[in-house]
Each structure stands twice: as C-alpha cells, then as structure tokens.
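First the structure, which I've put down as structure tokens, then a few questions once you've had a look.
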Amino acid sequence: MSDLHWKTAISDVEPNKVKVRGYPVDQLIGRISFAQAVYLVWKGEMPSPEVGKLIDAILVSSVDHGAGPPSVLTARTVTSTGAELNSAVAAGIQAISRYHGGAIEEGMRLFIRINTKRKETGDSLEKAVQDVLKEMKSQKQRASGFGHRLHKQDPRTQRLFALARDLGLAGEHMETALAVEKGLKEVTGRSLPMNVDGAIAALLCDLEIPPEIGNAFFILSRVAGLVAHVHEEKTKMRPMRKIHPTDFEYDGPSERKL
Amino acid sequence: MSDLHWKTAISDVEPNKVKVRGYPVDQLIGRISFAQAVYLVWKGEMPSPEVGKLIDAILVSSVDHGAGPPSVLTARTVTSTGAELNSAVAAGIQAISRYHGGAIEEGMRLFIRINTKRKETGDSLEKAVQDVLKEMKSQKQRASGFGHRLHKQDPRTQRLFALARDLGLAGEHMETALAVEKGLKEVTGRSLPMNVDGAIAALLCDLEIPPEIGNAFFILSRVAGLVAHVHEEKTKMRPMRKIHPTDFEYDGPSERKL
Amino acid sequence: MSDLHWKTAISDVEPNKVKVRGYPVDQLIGRISFAQAVYLVWKGEMPSPEVGKLIDAILVSSVDHGAGPPSVLTARTVTSTGAELNSAVAAGIQAISRYHGGAIEEGMRLFIRINTKRKETGDSLEKAVQDVLKEMKSQKQRASGFGHRLHKQDPRTQRLFALARDLGLAGEHMETALAVEKGLKEVTGRSLPMNVDGAIAALLCDLEIPPEIGNAFFILSRVAGLVAHVHEEKTKMRPMRKIHPTDFEYDGPSERKL
Amino acid sequence: MSDLHWKTAISDVEPNKVKVRGYPVDQLIGRISFAQAVYLVWKGEMPSPEVGKLIDAILVSSVDHGAGPPSVLTARTVTSTGAELNSAVAAGIQAISRYHGGAIEEGMRLFIRINTKRKETGDSLEKAVQDVLKEMKSQKQRASGFGHRLHKQDPRTQRLFALARDLGLAGEHMETALAVEKGLKEVTGRSLPMNVDGAIAALLCDLEIPPEIGNAFFILSRVAGLVAHVHEEKTKMRPMRKIHPTDFEYDGPSERKL
C-alpha cells in the first residue's frame, strides 16, 4: 500500500469475480435491464422494476433527434476526416454542453429551488413559482426546459409524464414543473411549453438523482444516436464532404407502428 | 435545396413529431427498452423482445470493471483538473481503442472469417478453426477475445451464453467461438479461456450486427461506468490528486444478492 | 448566398492565395517567426519583433514540465490503448482545465481588476493590491499565479520578467504582479512566490491579450510537450502498461548548456 | 521505488529547476525560439538557428487556411454549444486525421521509400520514382502531398523550398519530392502539383524527423488557427447558430504587406 492509496465504491474486481455496487455482475446479466444497471451504478442502489422502466423511457426519449444537433454535426465532421468511431463519438459528446443537452441539469436546479422554497416558506406552489420566476425575470434569466425552436407541443413530454403516473412515480417535482409551465405564461405573457429536457429534469428530481449527473442521461442516450450517425457517415458518405447543417432530408422507412 | 443537399435514414424531425427509423418516438417511450432502441437506431429494424433482452444483457455485462481500466483513469484524471463531465467522459472514450475494448470488433472478424471459410470450403468447423488459428500463429497474430489478465473463467461469458441459449438466440458464431476456445488449446498448447469481449463478439455476429460497430456496444455500456467514476472523483476526491493506477481499494457495499 | 451566410476575419483563401489577417502567407514564411504568426492570428495585428521574442519566450517557458502533469498522464494513458496521436493529444488538452493551466486566465483577471481599481480610485498600487487581496481573503478566494507545490523560486518567472524589461515590454501589469507577490506576504503571512503562470499572466496583460485566450498560450506550448510524451509512450513503452503518476525517473541527457 | 517504476527522457523537474532534454529551461527562455524548442523536445537535440528558422517557416505556413477545414468547423460547432476553449480545440484536433492533415506522414513515407529504393538498387532517382508510382497506380493508391482542390500552384510550397535552399537545408528528399511531382505527370497523365503537405513532408524528411510525428507539425501549427476561430465564434457569434460549411465570407483587413 503506497501513500497514494485510494478508495472507490463503484465496482470491485477479483479473479473470476466482478461486482458492481456489491452485486456480482453475472447475477445481474439477464435479470436486470441496462437501464436498471445505469441507475445502480450511478445511484449505488438497485432500482425497482418500475424505476427501471422509467429510466428506459427517459433514455428512449432522447436516443436521436435528426441530423441537425451540433453533437451529430460534430461527430459526422470528425468522421469525414477518417477518424476512428470512438474519437468521433467523443467529439460529439464534447458538443453536449451548456446550450445542447445542458437544460436537464439547469431544469433540475430550478425545480429543486422552487420546491425547497415552497417547503421552507410554507407558501403555496403557485406563489413559490411566481416568486422564483419573477426573480429570474428581473435578472434576465430564462427558465431551462421550457420552449422549443420546433415543437409547440413536445410529443415526448406528455408521454413521459403519463408513464410516470402509470408507474406510480409522479412526485412533487413533476407537479412543480407543470406549475412552472403555467406560471411562465403568466409571468412572461408567452406560451413556453415544457420540452423533453424539462420533463426529464422533473422525473429525475423525483427519482432523487443529483442534478450534477442530470445531463449524463442525455449523454448516454445520445451516444446511441451518435454511433448511428457516425456509422452512416463512414459507410455511405464521401470522406471530406461539406456537411450542410440544415439542408438534409430523411430517406429512411416511412412512418410505421410498433 | 442547395448543392450540398444530403440524405439520412436515421431519424426525422418535424414540428411536434420525432420519428426514429420510422417509429414515432412517443409511441416507443414506455413500450420498448433502451436496449431495443439502441438496436433499432443502429440496425434500422425493431428487434424482438428476446433480442432486446440479449442486448440488455450485453450492455449490463460491461457496465463497469473496477477503477483500473485506462478509460476510467483517463476520465478521472481529466476530472481532477476541473473539467466538465462531458469532456471527462469524452476523454475516457478516447481511451477505448485497439487494446481496450477493441477486442469485440476483432473477435467478430475472426468468427466471421472462420464461419465463412467453413461454408466456402465445406470443411468441418474444427478444421476451419485449426486452419485459421495455424495461419494466425504463423503470422504471429493472437486471437482477440480469448485470455484475460485476471479471470481464468470469466463469470460473464458463461452467463451470456446461457442466456442466449435460453432466448433461442444461440447461433453458429457462438458455436464457432467455443470451437476457437478449444482449438486455441490445441494450437497454442495454452489454456486461453474466452473472455467477455469474445463472448459479446460471438453474440453480436449471431445478431447480424456489422463488426464496425461491435465496439460501440462496449463504448455505450462503459459510458455508464465512466459517469459514475467521474461523479465520484468530482464529489469525493481532492482536485489534482495523483491517481495511482493499481493501488486502490473497494469500499462500497459488501457482496449482496439481487 | 444562403440565409446561413456568415463572416470571419481570420483568414481568406482563394485559388493560389492564402491570406492570414490580410497578409499573404507566402510573404510571411521565412520572414516572421511562428510566435509572431500566433500573435497575428490571435490579435489580428502583426507584432513587432520584440513582441515576437517575448511570445517565443512565453511559449518556450511552458513547453514541458516532466511526466507528472495530468495532461501528460492523460495523453500517455490514451496512447497506451493504441489510440492515434491526434486523439491522445486532444485528450491531453481536455485535461488543461481550471486547476491545470487555468491560472493564466485567472491571474490576468486579477491583475486587470487591481489595475483598473487603482486607476478608478486614484489609490496607490499598494493600497489597491491590499484592498483586493483582503476582499479575496474574506471570500476565501486564493490568488491564481502565486505559490507552487515544488518551486520556491520558479526559475522561469525571473527570466521572463528580465527579458520583458530588456525588450522594453515591462508594463504596469508586471508592476502589479510584483506588488501582489509582496502584498500576499503581508495579507496571508505566507510567502507565495509568483509562479510561471502568474508571470505569463502579467506579460500577456501588458501585451493587451484578452484574458479569455490567456490559457491558449499554455495549451499551444504544452501541445509540443504532449506530442513528445505520446511519441515516447508509443515507441518505447508496452501497450496497456499501468502508468504510475509519480514513480518515474528521468533518464535523458545530463544537464547541459546552450 | 514501486514495481511500476518507469523512465522518461523528455524533461526533468526538481525544486527550482526545470530541464528540457538536459537544458535548464530558464537558460532557453529568450535565447531560443519556440520553433527550436519544439524541435528540441521532439528530436532530443538542439537544432541550429537555421533549422529553427525552417521549423518556424513550416509552422507559419499552416497556421490557418480559412474557415472551411473540418477541424475549424468542428471547433466552432463545439464552441457554439457553450463548451470551454480547451474542449473545443481538442475536438478540432480530433478532426485532424487521415484525410485532413494526414498527408504529411504519408508523404514522408513515400519519399523515404523512394529514396531508400534508389540507394538499395543503385537506380537513378527518375527510375526509382517511376517504379514506385507505377506500383502505386496498379494498387490504386494515390500519392499523398500532391494535387489540391483549390490551388493549382500552392504559394506556400515554392516559398518553403526556396527558404530551405537559402538556409542550406535542401536535401535529397526535396529532390525526391520534385521528381515525384514530375513523375506523376508522366505516370498519371495529369498535372498534380505538390501541395503544402508534400513540401513539408520533404523538408521534415531532410531534417530527419520520424514520419510518425510528421502530422504533429500540422497539429501544432493549426492549434493556433483553431484558437482564433474558437475565440471569434465565442465572442462574435450567437450560440447554437447553424454553421454553414462553405457559405462564409472574409471581412477582415484588406490585403497588406509585411
């Protein structure tokens, strides 16, 4: 044992044995979903199957969003120079920053702030929302997780909230998020519907995920999409092509049902 | 439409609608697992629930393997300098290269080569294995996916194969992988048991995944582990500490059962 | 011209002509140093030969600092997995963050703050320094660019300042930096000698470089060192070796004179 | 001393002393150029002032080439998401891969191969060139370092070669490169003038730089350009703008003379 000796509580490896947060991984294989494993490794405890299903849903919701997001354009541009898949995906992740994917963490902090204020003051949820939004307005801050360049009614938001209710996982932060959506209309005079990041932020708060890893759900989910884009670029496109950021067209399968 | 117009078959976004490989994503949320979504976005078709379960198992098997792998040490070192989570995870992925995580793609190419040879020549599987391994030996190449620094009997390998059999997804590449394990003993005189990369390689071949994205399963899975390590480093460790690559100790929960 | 048309003032390329900030690059080759070109491309104007010499000196001062900095350990760890040189260097740069290399920008902001305060209030430099340092102390902030884990008297600091004086480029921020060094002793009671980052910060302020690109001088300089470490790792070390962060020894040429 | 003890020959740090390849860095500051320091740290020996001037010229020649190269578009795209400067520059470097910047290493290997063949066979340079180019043609390989999308007569190439001649540093690889340019016309029937990568490749061969670090000269030089683009993007552009890869216009200073 050297003077640099250190400790870690994530996983333990010895000959012929790998344990994650105490669980032998061979006992987990085939018995829990990857979504459950993600929660286990990030939170330290095994989630219920219901929580697992909600994590699955959150990860499914952000798996891809067309070829326009900067993470996709970055990963494709790096790929077009002949780089390896891992390096192109890594570059894509470097583009998942404050303005792209960053709204989950910020949304979480907002919902926690309002909810904490409500409890501390004994105010109604409506009043706590109004107070915080007005304070933000006076400081010219905007509420993360609301409004979308394209979607007036983000189809993913409603579905995620409905599922959380079905699974018995709708909590006070979901309520808070809905109250913020309503409050924003009153305070700003504009309709700023909750987007998928706002919805995920609320659900993660109710799952007691720390805000600092809120964006990690988006990163993990979007790695799936990035790999698909890198693979398509590598196998179907000419190296060093000029990649237009908006002038592309979908030519995949027509709309289909599950 | 400019002269840089291009096409993509992965996902399609229009106001209030997001479709992945043709499926409206709001219909997928809560109805398929993230593992199924990964297969869908990478392969282009919706997998059966059984294939989904096998993908889940593959992703669970590689979620973390202690604090020693170079991807973990890289992500922690970058974190210790004060970098953002996304940048630290990206750096970790840059360390998932030829010698770390790269065995899946190489193993897939080996199993496909043997299996193709067997079909083309009409030889027995045993002969095809022997011929290829001898050729590799004469060129001083080693078979990827066999042997492990630490595990004589990788606990994950057996479990994955047993699950594939239970799910009716054991195919000719699994058979090939087992024949290679046997053949290696004869050709090299050493016992080189299949490791988890070799097992995953065989399963992915049987699922008809292209070898070029074989390593992506490892990357995606390990992003989960990397996030946990980055978070632990950021919240529990002193910035700029010197990170010893082997002298660490597990201090998490004791062994427990599911 | 599309609706995404945009403008850039850095360089202009047309058939058989490349101009950087207006200067045809073929006229620059052989007539200015790379250090001058760096200043030109970053600031937009051609520096005098004296300024070029000072930039050269700043870049020389940080070219390498042993194998222990996290950027070096990161680049070597990524290299040891078989990654390409560009990817390993990129990972190293991701480790040049707040606590490693970040002191230049923070030092610049400190010196600018003190100097601005002095001018606005008409106070003496000593008083402005005392006021700012006391304010920082009360907020438990430490002054970036002072103190070093290893060097009591950073040999690079004195040399850089002497050179700036010889070149006629010593200005009010250098004076400020020296006053901070003195003031820190009085305010904290500890000797916290200026380190190389602090010295570079002062010089860059006097050269009117914007603080946001202060760290870029360190990044550019250290890319040179990182390439050397990546090359040594790739050509002399075993792949996947465990890289100890402190237990290494220099075995290069003995001390020699220019 | 642990069992992970290792050795490095690049630089040595002890209290109040930093030595690079044996030279105390405080003795180097102000006495050698950064270009000389780069050569010193990469090759291990102090270059003559003439070699330093040629390295300066090589680094100046590639400092920037408009906003169109994939490394620039990558760094700008990552910047537009709110990422830190170091992360954006790192992503840009990940795009300096086989097809972008990779021609220097490949060109070096070509010139070394021809030159070695010439010496081994005793053939004339012309014959060695013809033989190698015909062999490459039959294998459908193209010669790296020749031909350019835009420049028929790369203004940087001639200037670099003229400077090498003036400095007495024109060697047999420069001769080889010129013979390849001539030979390509005969073998392919097309005019494929040497580009700046080909010229740099020839000069680096004559300087006895190992081909594996040939691209590092381009990476180091272009880091300067990337920082300028990242800074311009961060300070002048709207976050998350859509970055067109070709529809941009130079609005910097008009052409000017040194």
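In this document, chain identifiers A, B, C and D correspond to the written order of the chains, with residue numbering beginning at 1 in each.
Here, contacts are C-beta pairs under 8 Å (C-beta built on N, C-alpha and C of every residue); 3 or more make two chains touch, one makes a residue touch a chain.
Keep in mind that this is a model prediction, so the values were computed, not measured.
Using the contact threshold fixed earlier, the set of chains in contact with both subunit A and subunit D is B, C.
Where subunit C touches subunit D, over half of the residue numbers in use are shared by the two copies, so each contributes mostly the same positions. Subunit B and subunit C have centres, each the mean of its CA atoms, that are 40 Å apart. With centres taken as mean Cα positions, subunit D sits 23 Å from subunit C.
Rounded to whole angstrom, the centroid-to-centroid distance between subunit A and subunit C, based on C-alpha atoms, equals 36 Å.
Those residues of subunit A in touch with two or more other chains are numbered 2, 4, 68, 83-84, 86-87, 90-91, 94, 96-97, 242-246.
Subunit C contributes residues 1-2, 4-35, 37-38, 41-42, 44, 46, 53, 55-57, 59-61, 63-68, 84-87, 89-91, 93-94, 96-97, 101, 150-156, 158-160, 162-163, 166, 210, 212-213, 215-216, 219-221, 223-225, 227-229, 231-232, 234-235, 237, 241-244, 247-258 to its touches with subunit D in the complex.
Those residues of subunit A lying in contact with subunit C across their complex are 4, 83-84, 86-87, 90, 94, 245-246. Residue ranges of subunit A in contact with subunit D, taken from their complex: 2, 68, 70-71, 73-74, 77-78, 80-83, 87-88, 90-91, 94-100, 102, 239-240, 242-246.
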